[in-house]
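Chain IDs A, B and C follow the sequence of writing; residue 1 opens each chain.
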């Protein structure tokens, strides 16, 4: 069953939500295997695209001149991006595993992790948009991807984690709540770091 | 009457959201007002906020308060004539008030724009609301007053206090008055009002709805009654202090700002205590989801309640606020609360309530499912668009270059908001279409049927 | 256990419950809001801050009517970048005659507290009537009707000044007497421009 654990197979699974849950449920992958074969390689993709795009074209944030960040700065941002992604996958899986009892889902951490990867897959693929570092283009690509991710979350959770439709719906909503709170915390922490003098030069 | 109020609430939600979509479109295409005063952004935006908060919010709260207080006290309403007066007079105030806002009558204080004649009318109606509500409680046949009634009670009492103090003004003409408070003092009073209108109306009032309808839907008692008691008092005590976080780094005393920030952080505890209580109540009642589309909305509303009550205290921290203040992040925060929490829990309640009121099955479960998805996508996109816009604004406004000069002009930053504003418009439309589906669905459910009159159930022992 | 006893009592007597809610919810207001309202320091005008003259007062009321404060703040925060962008930061005493205050909560457009004197009257006039004529990317609404109406079409200026005098604004009888003449022949846009040009005039010095 190891053949399942390739990014390529996962990319194909997201186009077949009906099948994806059952495929994930069919085996119990090892946590280290999921980590090494899926989480880490996939988390490398968006930072890589962001680096290439940022170095070649510069980020268009404002309407003015594109913002060129120094190679050192860009490396640092890409690294932070990578760490945030890995942390995001892992923490979401930990939260899902923690809630498993309450919602009668299966308990193997590897399954939770691979499910979270499946859900994150559309967004990872959409990070292709980072190659053209323009906010509007990225929004255009990211939004449908994000909606697809949400759909996969609700659609595949019951089968993949072995719980009933109804409890799966509750669990998916709880995960949405966690993801929202986690992203806003990330936003808050970044902002505190900026206003504390780390990162861009702010006049505060 | 509850059915009427439900109808009004849905009507105002559609009007309010349509106005919201229109102003969102004006931020993308600024000439959309066609040079007409009453279509101008400044006036329509006030119509949007007032109709959503006071039209939709209060109509929904009044309706559900009248419904649940009778059932938790096991008696019919006290002074039903007065209750009818409240319900209908309120709609008249919203209608005429809305028109007055379009005509440019404006008190100038945010979320309290209606001029003094309306302020007086609101006070009269509000007092009658209080008489009906507390009158019903006073003649109850159950000794214990159920927790949902405390939240509704706090809504009535605290909003009365805030409204009466904040609206103090000297009238000049029907359409014009001057605030009794000036400058910095006016600011402190206004945000004491503004923040707690959100607190006791949009949070507290809707928690009353949650505490009655969630256990009803789930058909099991609230997970921890004691937790709900502690959360209630902590909430009522601490919310009122948090207003000054709207005035960080503004010209008000430092101690007022710091106190506001600390109490905002404290507020997270009672807010999330309620969240835990709600989640644990549904978690044990999952079988109900099979038959009840309403519960889905309530579950999702809890997720956004969790976000909004976490995000709020976070944005009250001064070093976050320095970036987030004056930006679209605030707008996103408000909407994660208003769309994600208030609207979704109300929609869920209506999907539950209306079929019961008319004694029929919901017309279409699949339309309700579509509504759910459109609403989820709508709020999600809205929140993300505003996070993107807000953080960029905050960051770019403050950003300096190597020699300490401003890096970006205001104009350029504003121009770069276009994609976010376009996305927000799309998000709003998605949410609105969902609400239209609901209106149609409920209309078809109720069509041709009359309200089933329920007799108060007999009192069965003591719960405590 | 005593807390629970108290709770039972509140739960069984609606009068006690009402009283309890009122008591608990008013503490914050009493400790935090009341001292601010009684603090004379917040209400004392800063040096150079005087009541609005009839034209600026009329302009200010038009600013309120069109809800300009929905998109424009009037509050420069004591932050380096804001002082660089807008000018000296705002102080409480500068708002002593602002009823209501117009600090705003959102900057869709820039802050206006120090806008006075930054642009010419003619620029403001064009900008208000057709913003995109001077700022091509602007998303501000146009206000063509301001040029079509007399500034005080309601004839309210004296009533306004008397109402404000009751609230403590030091207008003299002579000033109130002369007010309609000052507004004679002006349009709404003239009054609004006069108000904008007077904004922040009293702010001198001040750095973060």
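Heads up, the rule we're going with is that a residue touches a chain if its C-beta (ideal position, glycine included) is under 8 Å from a C-beta of that chain, and two chains touch if they have at least 3 such contacts.
The structure displayed is predicted, hence computed values, not measured ones.
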| item | value |
| --- | --- |
| Overall pattern in which the protein chains touch one another (line/ring/star/complete/other) | complete |
| Longest centre-to-centre distance from chain C, chain (CA-based) | A |
| Whole-Å gap separating chain A and chain B, where each centre is the average of the chain's CA atoms | 32 |
| Between chain A and chain C, centroid-to-centroid distance (C-alpha), Å | 45 |
| Length of the line joining the C-alpha centres of chain B and chain C, rounded to whole Å | 26 |
| Residues of chain B whose C-beta touches two or more other chains | 322, 398-400, 406, 411, 414-415 |
| Residues of chain C whose C-beta touches two or more other chains | 79-82, 84, 137 |
| Where chain A touches two or more other chains at once, by residue number | 63, 202-204 |
| Contacting residues of chain C [partner chain A, same complex] | 79-82, 84, 137 |
| List of chain A residues in touch with chain C within their complex | 63, 202-204 |
| Touching residues on chain B, where the partner in the complex is chain C | 26-28, 30-31, 33, 35, 37, 40-43, 45-46, 104-110, 113, 134, 137-138, 143-145, 150, 153-154, 157-158, 161, 165, 170-173, 176-190, 192, 200, 229, 233, 236-241, 243-244, 246-247, 249-253, 256, 259-260, 263, 322, 325-328, 330-331, 393, 397-400, 405-406, 410-411, 414-415, 464 |
| In the complex with chain A, residue positions of chain B that touch it | 279, 282-283, 286-290, 296, 299-300, 302-304, 306-307, 310-311, 314-315, 317, 319-320, 322-324, 336, 376-377, 380-381, 383-385, 387-388, 391-392, 394-396, 398-402, 404, 406, 408-409, 411-416, 418-420, 423 |
| List of chain C residues in touch with chain B within their complex | 7-8, 11-12, 14, 17-18, 21-22, 24-29, 31-33, 36-37, 39, 42-43, 61, 64-71, 73, 75, 77-82, 84-85, 90-111, 131-132, 135, 137-145, 154, 156, 159-160, 163-164, 166-167 |
